[in-house]
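Order as written gives the chain letters A, B and C; numbering starts at 1 within each chain.
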Amino acid sequence: MSELVLEVKDLHVEYAVDGGVAKAVDGVSLELPRGKTLAVVGESGSGKSQTMYGILGLVPQPPGKVFGDGALFDGEDLLAAGEKRLRTLRGDRIAMIFQDPMTALNPFLSVERQLTEVLEAHKGMSRKAARADALEMLRKVGIPDPERRIDQYPHQFSGGMRQRVMIAMALLCRPALLVADEPTTALDVTIQAQILELLRTLQAELGSSMILITHDLGVVAGNADFVAVMYAGKVVERGTAQAIFREPLHPYTKGLLASVPRLDAAQKEQLVPIPGQPPDPTRLPSGCPFRPRCPTSTERCTQAYPEVRSLGPGREVACWNA
Amino acid sequence: MSAEALFAGEDLEQEVVQGTSLWQDAWRRLRKNRMAVASGVILLGVIVFCVAGPWLVGSSFEAQNLAYGAQGASWTHWFGTDLHGRDLLVRTMYGGRISLLVGLCATAVSLTIGVAYGAISGYFGGRIDSTMMRIVDVLYTIPFMFVVILFLVLFGRSLVMLFVALGAVSWLTMARIVRGQVLSLKQSEFIEAARASGVRHAGIIFRHLVPNALGPIIVYTTLTIPRVMLEEAFLSYLGLGVQPPMASWGLLVSDGANAMTFFPHMLLFPGAVLTVTLFALNFLGDGLRDALDPRMRT
Amino acid sequence: MGRYVIRRILGIVPVLLVIFSLSFVLMRAAPGGPFDAEKPVPAEVKRNLELQYHLREPWCETRFLPALREPGLSLAEERALREAAPGASRIEKLCTGAFQYGWLLSNYVQGDFGPSYKYKDRSVNEFIATGLPVTIQLGLVAACFALLIGLGAGLIAAMKQNLWQDHAAMGAALLGISIPNFVMGPVLIFIFSLTLLWLPPARWDGWQYMIIPGFTLGGVYAAYIARLTRGGMLEVVRQDYIRTARAKGLSERLVILRHAIRGGLLPVVSYLGPAMAGLLTGSIVIERIFNVPGIGRYFVDAALNRDITLAMAVVVVNAVFLLVANLLVDIVLGLLDPRVRYE
C-alpha cells in the first residue's frame, strides 16, 4: 500500500446549466497521507464539497460530469471505478459526514434503521447483530441512554446529538477515509468544540484518515495536518497547516486568515472581511478568478491563470505575485 | 503588511444588475414556455369562435330543420346537425358563450369571497384567523356538489343561481392561498408604515395587501375557471344546469352521448371543443404558476 | 393516538349536524310541497300523509290559531282556512319545522332515514342498502385505477425527469385532468362496447361491467396522483438525506424504496381525502352514464323527483363517508410521518 491514502489528480466537475457549463471543480489535485487530516478550506461555492462528491460518485450525471487524471484511493482509481464498486466503498471504506444534521438524517426513519442499514449493506449482518454494533457506536460517540434513543426519530434529537448520530453512522464500518463536510457549521460554538474533539479522538482510535471540509480556518487550527485552500473550483494554495498559518502566500489565504478571530492577536488588530462575492461559476472572469477581489492584482492577473508553483514538498501556490 | 491595508480602498469590479420587475420577469418566462403560449392562443381562438362566430356563420341556434335531422359533418354544416336538424357548429358556439360566461361569473363570485375571506383572516390573525380557517377546514369535508344539486333542484335552475351556487362552493382554496400570502406580507415594513400613518384596516387590506398577493391570486383564478366550467358542464349534463333550447357544452355532450350510437359526431365535436378549452386553461394556469413562482417549479 | 381518534370522531358530530341542518333548511325553504305534483288526492288522504311525514303538526296548528286569527273570522272558519293551506303563517311554519327537525334528527340518530316521499312503500334505508354497496364497489375500482396508474406514471416521470417518458406522462396527465368524465365515458363506451364489442356498455352484473366505469371515474384522479407523485418524488430526491443514503453505499433500490418513497408520497396521501369527495361526486354522473344502480343515481333521480327524504339521506350518508375518509387519511399521515403529533 502506498503511503498516500488518497491522491487526486486534476479533477474536474462540471454541470450543464441554462446557457452553458458551470465548472464547479476545475482541475483540483490533492494528496492525503495515511492517518493524517487534510483540511480543504474555502468559501461556500468554491467547490470543496463538489470535489468530494466527484470522487465518491455522488455527482448526479446528467447534468453533472466528472473527469480527471485519477483519484487514487489506496491505489485504486475511483474515477475509473463503476457505480457498483463505488457503492461498496461508500459507507464502508470511505464515509461521509454532512454539514446539516437537521436535513441529512431521514426524518421518516428511526435512528436504529438508519444505522443498521449500513451494516446490513456492507457487512451482511443481521438486523439484530447490527443493532448491537450500532448501540455500541452510539455509546462511543457520547449519546446518553442509547438503548432508548436508538429507537427514536431524528426530530427528537438536538442538533449536536444529531451530528453525533451522523458521526456514529459514518464510523460504523471503521472507514479508512472519513470525509467530514462542514461537520460543525450548523452547530452552536460550544457544541462545535465537542464535536471536533470527538472526531479527533475517534479518528485516532480507528486510525482513519480524514478530509475536513470547512470555510472556517478557526476549525482547521489544531485539527488538520495539511491544508488546501480552494477558490472558484481551483486549489490556490497547498501546504502543511503550520506553513499555511505561519506564512500564507496567496492573497486569498491571507484574507481568510485576517477574517478569523484569534486569541493571540494584538489588541488593536481588527477582523477584516474579504470584500465582494465569489464569482458565478458559469461566468468566471478571465485570468485569475480572484482578481476582482484581490488587493494586489496586476495587469498580468487579467491575462492568464497563474501557474501553480511548487515551493517544496506538498507546498504549492497559484499566484503571480506571491 | 497588515490585512487592513491589504484590502482597504480598492475598487471592486461589480456587475451592474439590471433591475427587472417581477411582472417583466414572469412575462419573459411565460413567453419561453411554448405550450403555455400555444394554450393562450388557443383560448383566444375559442373566445373569438364563441363570441364572434355566430355572426360570421349567420344561422340561429334554434333554427330547426326536422326533415333534415341529424347529419354528419359537411361543407354546409361543419360540425353536422343534431336530431332537430339544428346546426351543431352554431350550437357549439352559443353553448360556448354560456359555458365561458358561467366559468367567468362563477369564478368572479368565488374570487370575491375567497380573497375577502382569506385577506381578513390573515390580516387580523390570532383567534379570528384560527376560527375562520377552522371553518374552511370543516367546509372542505362537505360534499358540496350534492348540496348544489339539491339547491338547484329546489330553487330553480336559472343562470344566476348557477353562478352563485358554483361560486359559493369554490372559494375555499383561494381563501387559504390569500391568507398565506397576507400572513407573510403583513409583517413587511410598508404595511407597518401604512398602519403607522393611520390607514384604515380595509385600506391596508385591499389597497396594500391584496395587490401584493396578486401573483398567486391570478394563478389560482386561472385554474379555477376550468374547474368551474367543468362543474357547470357536469350539472348541465345531468339536466340541472342550463335548460334547453339554450345550449351549453355540457348539455350538447349529454345530447351527443344519448345519440352517439348512430350519430357519434354529436358527441365528438362539442366534447372535443370542451376538452381543448379546459386543456388550454389548465396548461395556461400551470405555465402562469411556473412563470410567477419559479420556486414552485419541479 | 387513541385519544386523538376519539376526539376527531367527536369532532365529526357537529359537522354532520351542520350538514343535516343545511339540507333540512334547503328542503323546508323550497317552494311547493312534496305532494303537489301528484294527482289530486282526497283532502283526508293528503292530511294523513302530511301528518305521517310530520309536515303538519296538530299542536302547532291549534297553539297559534287563536292568536293569529284574523278579525271577523270564527274559529271554525279559520280552522277550515288552515286546513286548506297548512303552515300558512310564518310562526306556525317555524313551529312545524322545529317539530319536523326534531323528529327527523331523532330518526337519523337511530339510523332510520324514514320513508321515501316518492315510493311510499319503500324506506330510504332500503334504497341506501341496495345503492351504497354498488357505489362503494365502483369507488374502489376507480381508486385502484387511480392509484395504480397515477403512482406508476408519476414514478416513471420522476425517474425520467425531462426525458420523453416524463413529457408523455405529464401531457397525458394534463389531458386526463381536462377531459370531463362525462365525455370520456361515452367515448369509451363507443370504442370498447359499440365498436369493438369487448365490454358491456351499461349496468352492473360482474367484473366486466366495472372496467369502463371504474376507469372513467378514476382517470382524473390518476392524473392528479401522477402529478403529485412526480412533484413529491422530485422534491424528496433533492433532499440532503437522500444524498446521505447514497453516501452510505445503499443500493438505488433501497434509496428509493426505503428513503425516498415515504416523503415523496405524503402529498398523494393528503390528496386522498379530497379525491374521495371527488369520487363520490363523480359517481353521480358515472352511474347515470353507465346505468349503475348506486346511490349517486338514486340521488339525482330523487332530487329531480323532489323525493327529498331520500336525497337528504344520501347527502348525509356521503358526508359521513367523507368525514371518516378524512380521518383515516390523517391517521395514515401520522403513521407515515413520525414528526406529526396528535394534539
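Here is the rule we use: a residue touches a chain if its C-beta (ideal position, glycine included) is under 8 Å from a C-beta of that chain, and two chains touch if they have at least 3 such contacts.
Bear in mind the structure is a predicted one, so any value in this text is a computation, not a measurement.
S.K.: Based on mean C-alpha positions, I'd like to know which chain lies farthest from subunit C.
M.R.: If we average the C-alpha coordinates per chain, A ends up farthest from subunit C.
S.K.: Could you let me know which interface, A-C or B-C, is made of more C-beta pairs in contact?
M.R.: Looking at contacts between chains, B-C has the larger number.
S.K.: Taking the mean of each chain's Cα atoms, which chain ends up nearest the overall Cα mean?
M.R.: Given all protein C-alpha atoms shown, the central chain works out to be B.
S.K.: Determine the centre-to-centre distance between subunit A and subunit B, using the mean Cα coordinates as centres, and give it in whole Å.
M.R.: Taking the average C-alpha coordinate of subunit A and of subunit B, the gap between them is 50 Å.
S.K.: With chain centres defined as C-alpha means, what is the inter-centre distance between subunit B and subunit C in Å?
M.R.: The separation of the two C-alpha centroids amounts to 24 Å.
S.K.: In whole angstrom, what separates the CA-based centres of subunit A and subunit C?
M.R.: 56
S.K.: Which bits of subunit C are touching subunit A when the two form their complex?
M.R.: Touch residues, subunit C against subunit A: 239-241, 243-251, 254, 258-259, 262-263, 336-339.
S.K.: Which residues of subunit C touch subunit B in their complex?
M.R.: Residues 15, 18-19, 22-23, 26-27, 29-31, 174-175, 177-180, 182-183, 185-187, 189-190, 194, 230-231, 234-235, 273-274, 277, 280-281, 284-285, 288-289, 299-300, 303-304, 306, 308, 311-312, 314-315, 318-319, 322-323, 326.
S.K.: What part of subunit A is in contact with subunit C in the complex they form?
M.R.: So the residues of subunit A in touch with subunit C come to 56, 58, 86-92, 95-96, 98, 100, 103-110, 113, 117-118, 121-122, 153, 155, 166, 169.
S.K.: Name, in rising order, each residue of subunit B that touches subunit C in their complex.
M.R.: Going through subunit B, the ones touching subunit C are 138, 140-143, 145-147, 149-151, 153-155, 226, 230, 233-234, 237-240, 250, 253-254, 256-257, 260-261, 264, 267, 271, 274-275, 278-279, 282-283, 286, 298.
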